[in-house]
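Here is the structure we will look at, set down as structure tokens.
Note that the chains are named A, B, C and D in the order they appear, and that numbering of residues resets to 1 at the start of each chain.
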Amino acid sequence: MIRHLLDGVPRRGIALLLVLLAILLAAPYLVGGYVLSVLFLILYFAYVGQAWNIMMGFAGQLSLGHSLYVGLGAYAAAALYVHFGISPWIGLGASIIISGFAGAVIGFLAFRFGVSGVYFAILTIAFAEFARIGFDHFAWVSGSSGLFLPVENYTENDFWNLRGSPAMFYYLMLAMTVAAFLLCHLLLKSRVGYYWLAIRESPEAAQALGINIFKYKMYAVVLSAAMTSLAGVVFAFYYNNLFPEQIFHISRSIELILGPIIGGVGTLVGPLVGAFLLTALAEGLRELMLQIGVEVPGVKQVFYGFCLLWVVMFLPDGVWPPLARLLGLHKTERED
Amino acid sequence: MSNSNHSSRRGISRRTFATGVAAAGIIAGSAPFNIVRAQAKSLKVGVLLPRSGVQAGIGQDCHRGVEITAGVLKELGLPSLEIMNGDTETNVDVARSRAERLIADGAQLLVGAFDSGQSTAIAQVAEQRGIPYVINIAAAPPITEQGYKFVFRNFPTAPMILTDAFANQLEIFKIAGTAPKTAVFMHVNDTFGTAMQKGFTGVMSKFTMPYKVVETISYDPAARDLSVEVAKAKATGADSLIMVSRLNDAILLTRELVKQRWSPTAVLSMGPGWYEDQYLKTLGKLSDGPMSFVPWYDPNKKVSKLLEKALAKAHPGINLNTNHVYTFEALLVAADAFKRAGTADPQKLADAIRATNITDNVSTGPGIQFNAKGQNDKLKNSAIQNRGGKLVAIAPASASNAKPELPMKPYDKR
Amino acid sequence: MGLPIEIYLNVAASGLLTGLVYGLMALGLSVIFGVVRVVNFAHGEMMTVGMYVAILAFATLGIDPLVMMVPIAAVLFVFGYLLQTGLINPFINRPEHSQFMLLVAVALILVNLQLIVFGPDSQGVRTSYSFDSYAIGPLIIDASKVYAALAAVAVAAALFAFFRFTLLGKAIRACADNYHGALVVGLNVKHLYALTFGLGTACVGAAGAMLVAITDVTPTIGPAYTLLAFVIVITGGLGSMPGALLGGVLIGVTEALGGLLFTPSAKSMFAFGILVLVLLFRPQGILGRKLS
Amino acid sequence: MTAFLQIDNLSKSFSGLKAVQDVSFTVPKGEIVGLIGPNGAGKTTCFNLIAGVYKPDQGTVTLGGRSIGGWRPDQICLAGVGRTFQIVKPFAGLSVLENVIVGALKASPSVTEARGKAKSVLERLGLWHKRNQQASELTLPERKRLEVARALATEPQILLLDEVMAGLRPTEMDTMVSVFRELNASSGLTILMIEHVMRAVMSLSKKVVVLNYGQVIAAGTPDEVTRDPAVLECYLGEEAL
């Protein structure tokens, strides 16, 4: 198993990953609450970015409505906890089923009718918006007045009910990110991974090679949706309040796909690098504004926009592929 | 009141951060916790407001309240506050990490954040770090029902706003000698709007109101066009309109009322929008008449006059409103507690806030006190009316400076 | 419900008129996609630029927004032309997510520049006819909406004429039909693409000027209009010009009647509902050409 | 000699234009059959009907006794039909090896085994030294060979080749011809090939079917066909062999 995992990965890459992991594991003991909260955000976006990347980066289906799955996952687990006191570890089952089902419905409808490309992207937005307005009127989860989770304590970590300190959430998010990374790594080396890439590159050719493209696209959507829903569960229990206006909003969908696009669509490390760069960039720009004494709201976002523009213009494949070459980590010869 | 160089102690680490995008930069960016909490002459207060993003308008308006605070506190003989600003960008992620950042930079007390979702996120940080947090505006009841020890709210909850609104309406109808018979209740379908809608029927049943609500209409906060809503309301034949709205929709609704040629005898608003400067400015003489039943200030109080003066100086032409008043009062609570505690120690500061008893304040009612949950339950709301581009307080009698005008002048006769 | 029939007529008329203005806005998006094959994710943000210019002109010079429509369209034409040549052209053959990213960045910059320059408060204009309405029997029709809708129809007609009858318009259509063919016969495709993008942004600028007469603007309103434009063009048929207008009217009337029959707060659900149905049963849109 | 692939009365029209009209022919098991005709004769449409890209308006396609008309392309591939595309469709972002692995996975239980198969196919087609290059970096003749390699990796019983010789240099073409001849001889692979390069068709095929305007105008051995006046008139006249 381990040999299989490491197969084909350059040694330097493994070493770098281990160092990074060690730093991330030690972080709560080294840094204060602020940096920890930023690191949490980075991991959060790295995780959802990875989940989105399965659908877009691997299988080539552009989803611009991933906030749908975050929101469904968050609401499912939170509602079960608030109404019945059901632990999120059980509730996440419901999250996975509901989000996976939503993904399956969207995928089924779209792929059956040959909706793809821009049309598919806009269909995903439409479903997310549909959910946003629907949840605004969904009284069982308090509609637009928001669903609040009871906050009990911060001193003791109740892992079973996900009540506790930021460090607990940080480690949970770290574990999820690592798991998602390893899962994607394994997937890419498996039959389904090869098939996804083939579908992404040329659906016609893939089909001519015996690949049931409908089936494999469905796998990608359902898996991506289910994984994304878990991020929603963490979101709900971390922030302890949910508003449809916020969680299903299209700006959330955009936010969570910027990371993998900037980092490198279809690469394993891309979502990680992208989430790190974007969060650090946002925080760095805020600090820069403070340092130079600019206190006009909106200036930071303008600079942020220009940075995005620059990256997308000059690094069309994202930051990671050229960075990997720079670090000597690009794909090595796999065969003898 | 500048935040650009409030902390030279942290200057180096901040610069490291600004330059570093690398992991090392992030990790070195902040020392573990705030080890030194010196007995400073002034209190460091982190103010978190949504000054960009969707709520930028309100956030920036609240910020005007921050700007005029320093002078007023000085006149009241209270210690000065060192303000550190944080923009939440109308985003709960940013609200949380900004709160952490301000605490890491030495904030000893937090104030903010207008929105219920962002306030909840900040409240959790404050509670975890043991830093007192005074909410300026946020009406969702659950925030003070969580058993927090460090979170205080000097703003009424939705049921409180409703109770006072009905009481004030009865008072006004009595003075005016007339009252509407039927009403349509229209509310925006957002956090505040639904909180109000939920309490509406229950609270109303405790009063004997002269009017009957014939229809309830909820509409989308992002609505671009409200002609359907007004057409629907008009079709009920009701003679008055009860509103819970925001600014943009209040303007849109008024335009539609005029265009669809429907002049209710009264517009009774229980939320923002109808009294705001932009409403008055955009609609001119068509803005006259609506009454707002809102958390307001008592124009007869001494500090109110100071605040009005300070605002007129800093921002001529802008009327003092809820956003300024409650943001100011949150800072007033901070300065008062700091004076009594004599220390910035968060625990002692929180104890001092819990023992707050400010009678020399701005908002309507007996003053500022907090109950065991950290809620000021003594707050009273006012009724105000738009008159010629200005706002007058018309109820309760003890906090008013004008008589109500009812019925409202029809739109086509102006 | 027992509502009198004239309420339905009133609401439908109002939906129809606003729908035409929305249709013009969406027409810009459709023209751009139909030729350049780039989805303008900053469409609503570009419209707010037009809205702010109209407000500025009205506040400082007192020019009526419907008059300002022409200069605003010209300004946005230049903006669109430059944007296409300078920024978007290298992205034409890049994958969709890359184009999406580029325009999201443009949108982010536009929104926040507007926030900095114009402030966060909503702004509008009050023309002499701002609050007028026509009473036709039991119908009460908003005067501003009538003028805006008429202007929208006029602009759309001019655009149709341009594409149908002028040489340049025909060249652009040739370009859209067969990119390589156009190259082979020696058309300056880059210039034609930029022209098209300019025309698209000019449309949306004109629509913005009209919309100012109907509603107010805040810097953050852009994304909602971008989304609306998507819904309209996909419903009507992406790339089809009559489709955009038809989609606008359809969405406008559906939202209005849906709001009347059910709860108004859920009225945009009806628009999305129609979009989903169209995508599922006629992915190319009502008037769209079959997907290749 | 049994008919392995049997086409009966196949018709297909696109918005009124009759692309393929009442076409019937058979491909016997283990043989190499050429499908020729001038441009626009309906050859590729015919291929797409067999491979399942289009559904026939009329007629049947029978493979080894089973009717496969109206099946999806992937089902037809699983039934034993491998194909190449006239306009090559490589998985541009993947390496040459990965391209072929995708094909080899059809008949392999594991990726490791698929890799092994891909290796032997690549070696056979002389692309092994290019295995780590991205498919997008290949020259056109190389891409054509990659198409063949990918299709071969699915271990088909019948291979549909759509102009794979186009653009090859004579020596490259000879290699290709010998590869097909050897495959046909060693494993009994049946081949149906569309080809413009007559030298390749004539040297490989035992049987040639000629299409013009969507209809079969002649069928027989290369010799017979080349002597057919109808064929000469419509087609061979311009291709001075």
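Structural remarks
Simple rule for what comes next: a residue touches a chain if its C-beta (ideal position, glycine included) is under 8 Å from a C-beta of that chain, and two chains touch if they have at least 3 such contacts.
Since the model is a prediction, treat every value here as computed from it, not as a measurement.
Between the contact lists of chain A and chain D, the overlap is empty. The geometric centre of chain A is 35 Å away from that of chain B, both derived from CA atoms. For the pair chain A and chain C, the distance between C-alpha centroids works out to 32 Å. Computed from the mean C-alpha positions, the centre of chain B lies at a distance of 74 Å from the centre of chain D. One simple way to say how far apart two chains are is to compare their mean CA positions; for chain C and chain D this gives 49 Å. Contact of a single residue of chain C with at least two other chains is seen at positions 112, 115, 120, 219, 263, 265-266, 268.
Residues of chain B found to touch two or more other chains are 52, 56, 59-60, 189, 220. Here the touching chains pair up as A-B, A-C, A-D, B-C. For chain C in complex with chain B, the residues that touch the partner chain are 3-4, 7, 10-11, 14-15, 18, 112, 115, 119-124, 126, 130-133, 135, 140, 142-143, 214-216, 218-221, 224-225, 228, 255-256, 259-260, 263-268.
Of all residues in chain B, only 52-54, 56-57, 59-60, 189, 217-220, 222-229, 231-232, 235, 247-248, 251-252, 255, 258-261, 278, 282-284, 286, 411 touch chain C in the complex they form.
Interface of chain B with chain A (complex): residues 2-5, 14-15, 17-18, 20-21, 23, 25-27, 29-34, 51-52, 56, 59-60, 85, 87, 89, 92-93, 96-97, 100-101, 103-104, 116-117, 120-121, 124-125, 127-129, 140, 142-143, 146-148, 189-191, 193-195, 198, 220-221. Residue ranges on chain A touching chain C, taken from their complex, read 56, 62, 64, 109-110, 113-115, 117-119, 121-123, 125-127, 129-130, 133-134, 136-137, 250-251, 254, 257-258, 261-262, 265, 296-299, 301-302, 304-306, 308-309, 312-313, 316. Contact residues on chain D toward chain A in their complex (touch as defined above): 51, 53, 72-74, 77-78, 83, 85, 89-95, 97-98, 101-103, 105-106, 111, 115, 119, 131-132, 150-151, 154.
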